[in-house]
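Sharing a structure here in structure tokens format.
First chain written, first letter: the chains are A, B, C, D and E, and each begins at residue 1.
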Amino acid sequence: MFPFSFEWVWDMDHIVFHGGLWYALNIMGLGMTYCIIKAAWDTYKGKGGHNH
Amino acid sequence: MSTLDDQAKEVSEDVADRVVETPTQKEGNQVDGSGGFIILFFFIGLIASLILGWIIYPKLLYSQKKQPIDFNHAIHMDLVDDGCESCHFFREDGSYSGVPKLAQCIDCHEEVQGETENEAVFVQEYVQKQKEVPWLVYSRQPDCVFFSHVVHVKTAQIDCTQCHGHIGESTNLKIYEENRITGYSRDIWGKNMSGYKKNSWDRMKMDDCAECHAKEKGMESSVQTKKDACFVCHK
Amino acid sequence: MKQEKAKKYGMVIDLDKCTGCGSCMVACMAENNVPFREDESDKLLSIAWMRVYKLTNGKPFPDTDICYLPRPCMHCEGHHGHSPCVSVCPATATDYSEETGIVSQIYTRCFGCRYCMAACPYHVRLFNWWDPVWPDGMEKSLSPNVSVRMRGVVEKCSFCFHRYQLTMDKAHMEGRRELEEDEYQTACTQACPAGAITFGDLNNPKHTVYRMVKPDHKQGGKPKNPKAFRLLERLGTNPKVYYLTSREWVRSMDDNYLKNESK
Amino acid sequence: MDSALIPRGVKRCPTWQFILGIVIVGAVLLWGVFAMLLCWIKGLNQTNMNTAYGFAIWIWADLAVIAVGGGAFFTGFLRYIVGKDELKNIINFAVLIGFICYSSALLILAIDIGQPLRGWFIFWHANVHSMLTEVAFCLSCYFGVLCIEYLPLILENRQIDKVPFFHNLSHNMHEIMAVFAATGAFLSFFHQGSLGGVAGVLFGRPFGFREGVLIWPWTFFLFTWSAAACGPCFTILITKITEAIARKKLVKDNVIELLAKISGWMLLTYSVAKIADTWYWATVTAPSKGFTLMDFYSNNPLYGIWILILEVGICGVLPALILITDKGRKTSFALWAAVILAVIGVCLNRWVMVLQILAVPVMPFISWHMYFPSWQEIATTILPVAYGIILIMISYRYLPIFPQEAELNPIEPPTYAEEDKQEQEEPVETQEASNAPEPEMQPAEA
Amino acid sequence: MKIDRRSFLSFVIGGAAGTALSPLPWKLTDDLSIWTQTWPWVPVPTDGEVSYVNSVCTLCPGGCGITVRKIDNRVVKIEGMKGHPVNDGGICILGLSGAQLLYGQMRVREPLKKVNGRFKKISWDEAISEISKKLVELRSKGESYKVACIAGSDRGTVPELFNRFLTVYGSPNFIRTPSIQDSYELTLHLMHGVQGMPGFDVENSDFILSFSSGVIDGWGSPVRMFKANSNWRDNGGKVIQVEPRLSNTAAKSDKWIAINPGTEGALALGLAHIIIKESLYNSSFVNNYSTGFNRWKRHVMDGYSPEIVAKITGIDKSVIVSLARDFARASKPLAICGRGQGWTPGSLKEFMAVNALNALVGNINKEGGIWGLAEPDYINWPELEMDSAASRGMQEGRIDGAGSGEYPHAKYLLNRLPEIINSAEVSPVQALFVTGSNPCYTLPDTASVKKAFERIPLVVSFSPYIDETAEIADFILPNHVFLERYEDVPPVAGFQKPIIGLSKPVVDPQFNTKHVGDVIIQLAKSMGDFIANAFPWETYEDCLQTTLGDKWDTLVQEGYWTDSNFAPPAWAQGFETASTKFEFTNDEINSLSRFSPVKPEGDEASYPLVLIPYDSMRLASGFIGDPPFAIKTVEDTVLKGKDVLIEINPATAKKLGLAEGRYANLTTPKGSAKVKVHLFDGIMPGIIAMPRGLGHTAYDKFLAGKGINFNELIGPVEDTASGHDTAWGISAKLAKA
């Protein structure tokens, strides 16, 4: 899974496969982080709640 | 151990409190509560779990076992001609004898040698009773591992210390820490919980074998990994 | 360290000599710590790395004929080592070694998804449905050279690879790097009372197996020996176990053929 | 009792009915859990799998559940990427069904593997050449996406939504949902395909093996295609069943019809592709390995050519033709029949691609392998169904899954404060769909 | 400070973050997976020093050399001994499973005595003294001849010790378990004038004509026969198998000729008829080195024309004629007989007819042929001094009637014993030793055998395993198993050269067992006087070493001793008959009843089918039962669950309305059993076959209760010529269950 694990080989197969994987994981991770931080910021700014 | 248990109880009581409290709180609570307060709790949780993970967990994970006899490698090394191989020898078929059997020890220890208490116990409890010493082997690998000492030591001329460290110069045997889950010595994972190693002998996991094999042997016989094949170190 | 010439260990089984006595199966079980259970009559649950199939020609009395076909792991080379099972294992628990041509199975790595079993058309891959149990005292006959498999993993014939490891140790002790032909033999080969099994390096002209099934490049790499065949060759598994037979009907069972195809 | 949790503007059945429903389905769930524990503790000897059947009902259930769960990614793809905005009215439910399907799939996999505690090896020691690795990675990642997609729904619960942070989080997640949906579609394309690849790459199994492009056999594309075609059908089917049980309309016809139309065309093109694939396989691929088509469909008590006709014709072309015609979509019976057939078709396809592959003897001297699951296997396969029903019950009750529900079913006094009176709310959420009336919707007003 | 929901949530998130940053989850995950790799309930074999010990396997009379691989003091594997003249590295399935017979659950772990129907532990000294007391009592009553011993062999020091004990005690009743050895010994005795066993030079023969012998199903020394078979494949040797069923031997032979069971002797005589008629016989041998030819020829020419033989055997006339020609024209043809693995002696006249074929083609006492090997002569113990009680006892006739009256030629007739005991008012056997045999399983009509044994007041079993005989014994004095004891292994069944093997202790005894030789010596010593004096050795090992004399060292080192210079005596010297020639017939032979095919027991009307047994290498059917590994290899068309499958021709099955895998009731005049049906084209219509080796009630859970013991369904049929059991099958009935 990581370049330091035994099974890792620096070849096209691994780069393409794990490239795709890490791309997806990063989008999800960054997206969620963005949402959470922005939500926290919005909350701090007093948005949300009943009044919307 | 007890401290952790207590802590755990405290935590769970806390949880219980909170659970009971929750329904009564209702909407009113939503607005109050300062941000700093929340962050403080975040850090309390963070630090508590870090302590748990880094300090308490290792203590819980490993049991401390004393060797049956506190063997002095250094003394023996002075007395023998052939270094480690004097006692940890190779058999003719290339197999490795490992930890010496009682029969070997008896060659010299038929009678009590020297005055240490260890020696007396050894002769009384084991030599005279013809009982094998239940040594705890720091470097014992799982059953799935085939390690060829002869290839490493005779062919590749690797020094024993590369994997075993300077145990040959030790005057006594350190405490054997046994992983309660796996049953293996702590030396396999390494003393350092994070897996960081300074010396080549600090850890004996598969990756350590693989690292050296990749570097020294440069084999590409495995179709899957382009490294050394599985059926080299596994049986 | 100088890399030795790659070996390709393979097997030739003479079906004319095989008597179906079962020695190879038990030699394998005893050698490889294969467990046994009270009822082993369901052969699809029974673990036997070497299984002897009983083939019949399907003709009525008295033209009936039977032939036994011992089936170890074929150690398929596939295309460049991509045997049917090796490439499908998701956890790299099975591998093909270019050095020996042996398909390895690491039981401690396997997590029991059984994809390899689905991939193997020879049914050589066997799953440990049960915990292996040796009745009290019988564990004394276990060999330390082969690890005992736990429940929930796949196992298969290894061409007694541990024997290779052990003789290699001996060779290294004696300062050699190469093995003599008779130094590394599988347990079934050694035990076969009929001498029906021959084992060796298919790449080594000095080895008997090489002479027995020497490829004929004019025939697209098929062995010169007209009695020789491999099982299910058309699938492209490229197995390393060859069979010899002089019986035409046995020969016709080496693979699947369409009606209009001549063998 | 739980009125504070129920979304505004909609009516729900009395709590006791709800709990009764949960208890009944829960009993089935517990039976499944018991069987699951047996498999974990005693090992897979609890199953009827064997050397010939390394894969069996579980893997079929896995593939089937993922195929029908494909509605989530494809609807998401249509809604967010293609821009079919109407689908926003069914996307929530599609996501919920997807979430149920994928979590079930992961659970089944966790039971299916011989060494569950080593399951993580598939990630850590990944062999990138294995289709199963691709499946595992994409499946887990896509499950993550589904969690991300399902999370805002939970956050929209009336009580949770009151928390400003959660409200904002939900809002923000909606804002960038297209990105997640795109990632989900990307991942889904691969894992749906890889599941097809699982069978297609088995060159030792002539029944399953297919040629293809690069590393991907044709089954790779067919699986993605069929999931995209039949997944929405399953979404429609479950929506319809839910409506039938709830006895009210939850999604407007135009939404359903749009989805059905797209599904129909997908299914039709899929069927054409599948026929082409089958034709090529039967005339070129299989014969090259010494098999005729009928070798795969004869000499055994179960697998006959009927299975191919049923799968491709009756459950492929037929529902496709219904769904692409306007009349078919608008006729309730035809729509029902079409989506049911499509779902059966895709499940049958997965069965064939898992179990028939293993049933066909490859060595000429062995015979067909037949298999029937043990009760433990059946119970653990039903477990996710029970789990799914419960999750739908809970989600439907407490989350605003159907945005059009309130509009379609206006409640007389527009205030909702006094939920105590139960009016003549129909018994909701008993799992029997069969005895529900025809879903000619009678708006549930007094 | 007020802790609210959000604070708690924050605490949890912090905790989660901290946990993720600590080794806990990661190491725990790793350790748990390692735990699954080292589950405490999965054994880890201990490593140690490898060593190899050469010995001889005694699990069957094959006498193969074995190399036992040990790790420290554990037996890990048994392999065939390379370079051993019998098996040269090969090994059979039973030998390979040998370690399981050492460590298995079927071992008797200490001496046992039956008290009120249940076995109780007893010390060795007590057990021996109790038995000794009983024997002294019998002897003092003048009933010493009522003590009998059943042994698996009558050669070698252990059987000889028993025999010696009985003799000096005063009983002639040493009995060997029946096998084809009985018939071959008699054949050699009557036709060659040799006291001994046959040696078959199969390796050098180029045409094997086998009359239902399981050449590669365990006949003779199995591994040796496998090797010979492979030789024939390599060198163009031909094997013709005459047998009612397509056995492995038949399948692997060059030609399988299906024959009506029991008519093999007729075929042999029919072949002789053609060979004589067409003058294809070896006239130099027949004219110069044989007698009785003309007398025998008349008998053959009159009674066995191809037409008649075709009718009897069911074989086409042309097949018979061409077979006779092929046999006679081969350069080194060899005819052998003894059905399957040779567990039943069979008809003497059939053996003689087959042997006459060898004589006709002159393939006797020459390469590729058959010859008689004299009894081994290494056991030369001091002459016995007998007291009057012993002499008196020895003058009584044998209980089984062998050697006198109707049965002048037979040495042992164990098959007659159960009937004799069961029909007597008081059992004529008052004490019985059983060693190296399991008569309650291997003798036909096991029910009556068990009944007879139960009538014997004292049965002592020396079996190391809890077998069927041990189960009904009064005492079990467990012997060491072959891997724990010394024992000489006298010449191997059918081997062409004199050979002696030495079985050696490979590991220390695992349990509180004792060498049977030591028990006999101790028993004798406890009885004092002449009996004690007859055993001048301290221990069995002492006895063995003294007996083997200068061969001992070779045996310890090599594991075997063989007379490498041995060559069969030439025709001029080879026969020790009265005429010093081969005797096709003589007055003695002539006085015996003529050959006639043996009819199976039971009337055809109620039992329309014929049930025959078959032998398989994977099913040990002798005095040792299948160990777990061996039973594991038994095919599912033979054993399914606990049910045995009966082979039946599909045509016959159709008539009976039976389908594959279905249950059926099998009935014979001796018993009935519930069996499953296996349709097999390779069996004659009207005949059904059943494997030997199943149906054990004793042994371990891996063997007990599986299938049916064939011997429960068959009874002995006495050979009118010799008195031996000649039953090859039994009439049977099969009906849907």
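By definition in this document, a contact is a pair of C-beta atoms (placed from the backbone, for glycine too) under 8 Å apart; a residue touches a chain by one contact, two chains touch by 3 or more.
Note that the coordinates shown come from a computational prediction; the quantities given were computed from them, not determined experimentally.
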Remotest chain, chain E as reference, centres from CA atoms: A
Chain closest to the assembly centre - both centres taken as Cα means: C
Pair joined by the larger number of C-beta contacts - C-D, B-C: C-D
Approximate Å spacing (C-alpha centroids) for the pair chain B, chain E: 55
Distance between the centres, which are taken as Cα means, of chain E and chain D, whole angstrom: 64
Distance between chain centroids, defined by C-alpha means - chain A, chain C (Å): 47
Chain A-chain B separation of Cα centroids, rounded to whole Å: 36
Per-residue overlap in chain A, given as positions that touch at least 2 other chains: 5-7, 49
Contacts with two or more other chains, residues of chain C listed in rising order: 42-43, 82, 92, 107-109, 131, 147-148, 150-152
Residues within chain E bordering two or more other chains: 32, 35-37, 44-45, 47
Contact footprint of chain A on chain B as seen in their complex: 30, 35, 206-207, 210, 224-227
Residues of chain C touching chain B in the complex: 1, 3, 6, 80-82, 86, 92, 94-100, 102, 104, 106-109, 145-148, 158, 161-162, 165-166, 168-174
Chain C partner contacts - residues on chain E that touch it in the complex: 36-37, 39, 41-48, 71, 74-80, 87, 89-93, 96-97, 99-100, 102-105, 216-217, 222-223, 226-227, 229-230, 233, 246, 248, 251-252, 256, 258, 510, 617-618, 628-637, 639-642, 649-651, 680-685, 700-702
Touching residues (chain side chain E, partner chain B) in the complex: 3-8, 10-19, 21-25, 27-28, 31-32, 34-35, 37-38, 40, 44-45, 47, 49-50
In the complex with chain D, residue positions of chain C that touch it: 42-45, 53, 55, 69, 78, 82, 84, 87-93, 109-123, 125-131, 150-154, 231-232, 234-237, 252-259, 261
